[in-house]
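Before anything else, here is the set of structures, which you'll find just below.
Each of the next two complexes has chain A plus one more chain, namely chain B in the first and chain C in the second.
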Partner chain A sequence: MLHSQSAEIIPSRWYNVVPDLPEPLPPPRSGSEEKSSIELLNSIIPAEMLRQEFTFNRYERIPDEIREQYLQVGRPTPLVRAVNLERVLGFSGKIFYKFEGATVTGSHKINTALPQAFYAAQEGVPEIVTETGAGQWGTATSMAGAINGLRTTVFMVKVSYNQKPGRKTVMGLYDGTVIASPSDKTDFGRRVLREKPDHPGSLGIAISEAVEYAISNGYRYMLGSVMNSVLTHQSVIGQETIAQLEMLGETPDALIGCVGGGSNFGGFVFPFIPGNRETEMIASTALEVPKFSKGEYRYDFIDSAGILPMLRMFSLGSDFVPGKIYAGGLRYHGSAPSLSILIRNGRIKTDEVGEEEVITALKLFARTQGVVAAPESGHAIASALRYVRNPDNAGKTVVINVSGHGYLDLGIFGEKK
Partner chain B sequence: MKIILYFTMGYPDRATLSRFIASIPEDTVQYIELGFPSPDPKYDGPEIRKTHAAASFDAEDLEEIAGVARDSAEKVYALRYVSDFIQEPSFTDTVRNAGFSGIIAPDLLTDYFQERIEIVTGIERSGLEFIPFINPSTPDPVISEVLRTAGSWIYYGLLPSTGIMVPYDVNAITERIHGMNSGRKVVVGFGIRSLEDARKISSTGAYGVAIGTMLIRYLERGDVEAFSSLITRFSEVAEDVQ
Partner chain C sequence: MLHSQSAEIIPSRWYNVVPDLPEPLPPPRSGSEEKSSIELLNSIIPAEMLRQEFTFNRYERIPDEIREQYLQVGRPTPLVRAVNLERVLGFSGKIFYKFEGATVTGSHKINTALPQAFYAAQEGVPEIVTETGAGQWGTATSMAGAINGLRTTVFMVKVSYNQKPGRKTVMGLYDGTVIASPSDKTDFGRRVLREKPDHPGSLGIAISEAVEYAISNGYRYMLGSVMNSVLTHQSVIGQETIAQLEMLGETPDALIGCVGGGSNFGGFVFPFIPGNRETEMIASTALEVPKFSKGEYRYDFIDSAGILPMLRMFSLGSDFVPGKIYAGGLRYHGSAPSLSILIRNGRIKTDEVGEEEVITALKLFARTQGVVAAPESGHAIASALRYVRNPDNAGKTVVINVSGHGYLDLGIFGEKK
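And now, the complex of A and B:
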């Protein structure tokens, strides 16, 4: 069986890795002496999200309404054996890919957008607010807002806003309002623009604007990545993969995914961690945003303005502004604290891949499997190619998380490429 | 259920703090934790942070405050960040000589995880109890390990930082505390803001509740009588539970 799709595969519980970490998750720290930025979360994110953020429960029940919404947006996503890719590579093992691009919004982001919008709607607020880099998170949030009866405002990093008009259109179809960040809608945005009117924006700035906008209007802010509760929601990816591999009678030797803030990767690999020391886990990120090789493991702000709490994580600095890289979703300066711990302790390995190699990998994947993967996911594919081309890994079973499709990122291939 | 009180040493000043501790009604408070003022009280909330910044404290203060505390509770514990005492080898001797029973180090497991065994061994060699501080982010295998080295009790923090109010699930906490089944007493703190909170925590089977942030307003006002009356009310809740 190459493809499995059954509602029963959607898990009934989310998995939270915190109780299974090798060492304690350092608590968030308030960056402000005067006011607790952790307490601030009370007024900007849904209370149920806050509870899940700090819970020690290994499992959290997925509300029936959310399971129903998961089914509506295309879960379970397929697990496919990439036989054509294996053949072209002459690989003696097996390559599978979990295709999160098959959700209606085209990426894994919907897995947490739905519960967050659902919890916000339960609290009776009229609007949810967030930021987006490449546009995938803003798309997912707009869609989740629409089906939960909420208005959505999305602060989109200006460079992506200008380069990806298709994303704006999709968010608009879902009734989302998209604002280029830095913007004149917030104090922080106005300050950035005063200093540098042509600022290309960064995810950190967009987060700061979204949080400020949510606070000043009494709306709920949606968390796209990094926070533990988000990784918990994303565990549907890994749990489905486990169930699908079991149905196929397969045991993976290696799991490979890409890392921006760490949510698709954590959601994919964390459910495999309990009782498992054998499966290799490889976190692939952009050479141009070298958070694991050049970043420091320290407390740093989630956002540029320092409104949100500080987290202990691998970080290139909250003021890090990458160049106009081809994979907008990997621009973020930090990585989820739970993932950072597992990388530090050696349980999860890392890999960094540059643009040329990623584009070559995306083309090979398209030509063999027909899938136009997102540039972010291209890192996972490129790292997987490195893995299977290593003679030591002959005969192994590899699973790649293809976190999204790339139909709205075709510009990276250029006209002649 | 027992009452455990937290004060930052030297806040608001030696005389006021001593007066407060001396006013604790007899047989109401089991343990007193005395926090050593820190230049970076990293895991404390804004209110306790202010007490660290404002505290005036020297060796004479230590002797007097610890002495008064010993007369007002069964045991007295020092609470200090490892980052503040790791470069101070005489610290354990200082606190033992001042009559403290043990040390609580809130950052040991998060910031000094690799060095934890060496640090705990040092504390125990000095004849002091090591009181582990655990919270919702402490993984289960780590809890199992620290329970083996713990002194007579463990401090379970409800929240990621003092004085902040994120929702917590009493039933889940109950299950976790019972699941520990360690033979150690469990004191629950970080987030107890009212008698009602204490009553809720008592239902978890915890040995005691630790109160700190909510005492600050009485210390600020110098209102000893209201403080003493608050402690009496807490002890009534505690007795109800028993």
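And now, the complex of A and C:
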């Protein structure tokens, strides 16, 4: 039998890569001397999140309530051997894919949304707040809020808000309140609207609004990616994959995933790192967002508004404006600090794929495996196709992380821009 | 642990309810003396389908290739205990749901599309043909064609074709050729268009076009529901559910599903029937399509054009035109003959739910379990909520079949018609 998805596969602890990094993880830093953005962060995220952000513990126990919630949302997700894809490619090795799109909210984002909402609920706040661009994070946050008894407010970049009615609908089903950003709900939003009433919005503005709204109401702010605690939560992906491969008696030669802020990728590959120098790990980014080839390794702001702290990471600059690509989740200018270290020291390799090639890869994956993958995940699939088509890799075993489904992003298959 | 989805749960044989029915299954009948629609059917469906249609065998071995394909498309599907829903309802019993929406094509339809495409491929034809209304069946057929090396042509009711661009896109990803019906590809379509160039189409017209196109080209026609062989293939749903409940040590008091032609419902409940008189089985239909309360039990045409044979079944008349409801899959006028017999003799109960109540149920299910279910499945969920809220059913164990996800049918949550 080719896979197993028994509930026992859900791990009992999260894996934190920090103690296994080749150098210490540079801590977040405040961008300004007078106004500490670290203190700001501390005041809007749950204390338990803050502890996990700075811990050196290799493992953190997953609370029973969260394991139960993971089960409820569709964990463990399937690990499937892509036999039809192998056949069509004439590949002599094995291709597996881990399918995070099988969670009920359709992407890996739910893996960290659940614990963050749970910790917020434990602190007695009535509401959680975040921003969303492409929509996956707002969807996961709304659902996590709903099942943890919290109201959820999502500031959604206005241009996405108008282009993606399906995303709004789904967040609404989870009782999320979705506000087009810039909005009249915050001082910052009102200021932007005064200057430019038809402003299309940006992730930076949406973050600023969400943070202001959280502070002024005493609510908790939810972190979607980049932060170490978020990557730790996402380690359920890689740990499940390890267990599933072991049950099949398989050892992977290569792990391939896509990188926006780095959370699905880190969550997928980091658990393979301890005691392993053999498995290739390939981080696939958008050619249009060349953060690893053209970005600098330096302290830069998490958000374009400079409200949240700075992180030491590969960055194209927090004011970087990428060309329009459908993989909204990959448009982010930076990448998680831990991932950046492992890319700098060569443990993790990188690849860059343009949108045309991604569309071709998504189509092949749909036609052979039936999976309508998210545009972001299409980058991982495209990089995997490059790997498999390289004659040097004949006979190898590859695992792709398919971070989400693409049912709410079918525009990528529409008419050309 | 609350569930298990190990591959071993996929059954090795299909279950055919015919030998366990309280009376013989009335065979399909030709509607006309001169022109036998039975012979017509025989000439366009694979011989193996025809054999399965008339067999009295209780079990049919599932070919290894099909078991492998089931695994590829996401079987076994999860059986999840809906603990959040139980909590919100304050229900003292247990609610489980079987989630067919977790298959890669998003509904149960793939369970029969795969074997039918496989048998067609074995007969050496290059192409399979069918019609689709709501779109789930065309989606499953296209994907089944793709992985069995066949071209697929889908005649899609024009009004759906125009209203559901996402469905077209997904079928196209599976290399399906989607043709708006009425079309200029068939004599029948051209005749309709001559009389009424802006005809919105109907399932009857689409069936007529698909059958004509299959005959004139020597292709194979795919049966979406109602026929006994189709219900037999769908028995994987119920058999998996039995295995999953056994692993949990649970015995269901009630099984609840929705009924269009009856294939997801029959596939879900029939495997529970042998030697079991205790488990309640509730078939939920649309109040707007009251086939069991207002329909007659008689021979009636499968399709409104009267091209395919007649079946003895509950029917509102093959010319029945339901009001507009989003659950397109439930608008069918009839119901599978085996299901009709079991409803007549009282073994299976019925329930009718209107669209407003269905929308409320879908919202509650999303908010508690995170699942965006298909409008059709919303009827099953609504009937389950009625069951659970009945004080007589306190403490009972209920299993709902959620036949599909609703990501491509979010219109039901939009503005009121």
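Here is the rule we use: the second predicted complex is superposed on the first by the 403 of 417 C-alpha atoms of A that agree within 3 Å, B and C clash if a C-alpha of one lies under 4 Å from a C-alpha of the other, contacts with A are read in each partner's own complex, and residues count from 1 in each chain.
The rule is simple: contacts are C-beta pairs under 8 Å (C-beta built on N, C-alpha and C of every residue); 3 or more make two chains touch, one makes a residue touch a chain.
As the structure is a computational prediction, the values presented were derived from the model and not from experiment.
**Student:** If you stack the two complexes on chain A, which partner ends up touching A:38: first (chain B), second (chain C), both, or neither?
**Tutor:** Only chain B; A:38 stays clear of chain C.
**Student:** Is A:215 touching the first partner chain B, the second partner chain C, both, or neither of them?
**Tutor:** neither
**Student:** Thinking of the overlay built on chain A, is A:105 touched by chain B (first), by chain C (second), by both, or by neither?
**Tutor:** Second partner only.
**Student:** Per the overlay, which chain contacts more chain A residues, chain B or chain C?
**Tutor:** The larger set of chain A residues in touch belongs to C.
**Student:** Once the complexes are superposed, what residues of chain A are shared between the chain B interface and the chain C interface?
**Tutor:** Common interface on chain A, chain B vs chain C: nothing in common.
**Student:** Using the touch definition from the top, list the residues of chain C that touch chain A in their complex.
**Tutor:** Counting only chain C, the residues touching chain A are 1-8, 68, 71-74, 78, 80, 83-84, 102, 104-106, 110, 143, 146-147, 165-166, 169-170, 172-175, 362-363, 366-372, 405, 407-408, 410, 413-414.
**Student:** So in the complex, which bits of chain A are touching chain B?
**Tutor:** For this pair, the touching residues of chain A are 18-30, 32-36, 38-39, 41-42, 47, 50-51, 53-57.
**Student:** Which positions of chain B touch chain A when the two form their complex?
**Tutor:** Its residues touching chain A are 42-43, 45-46, 49, 53, 109-111, 113, 134-142, 159-161, 163-169, 172, 176.
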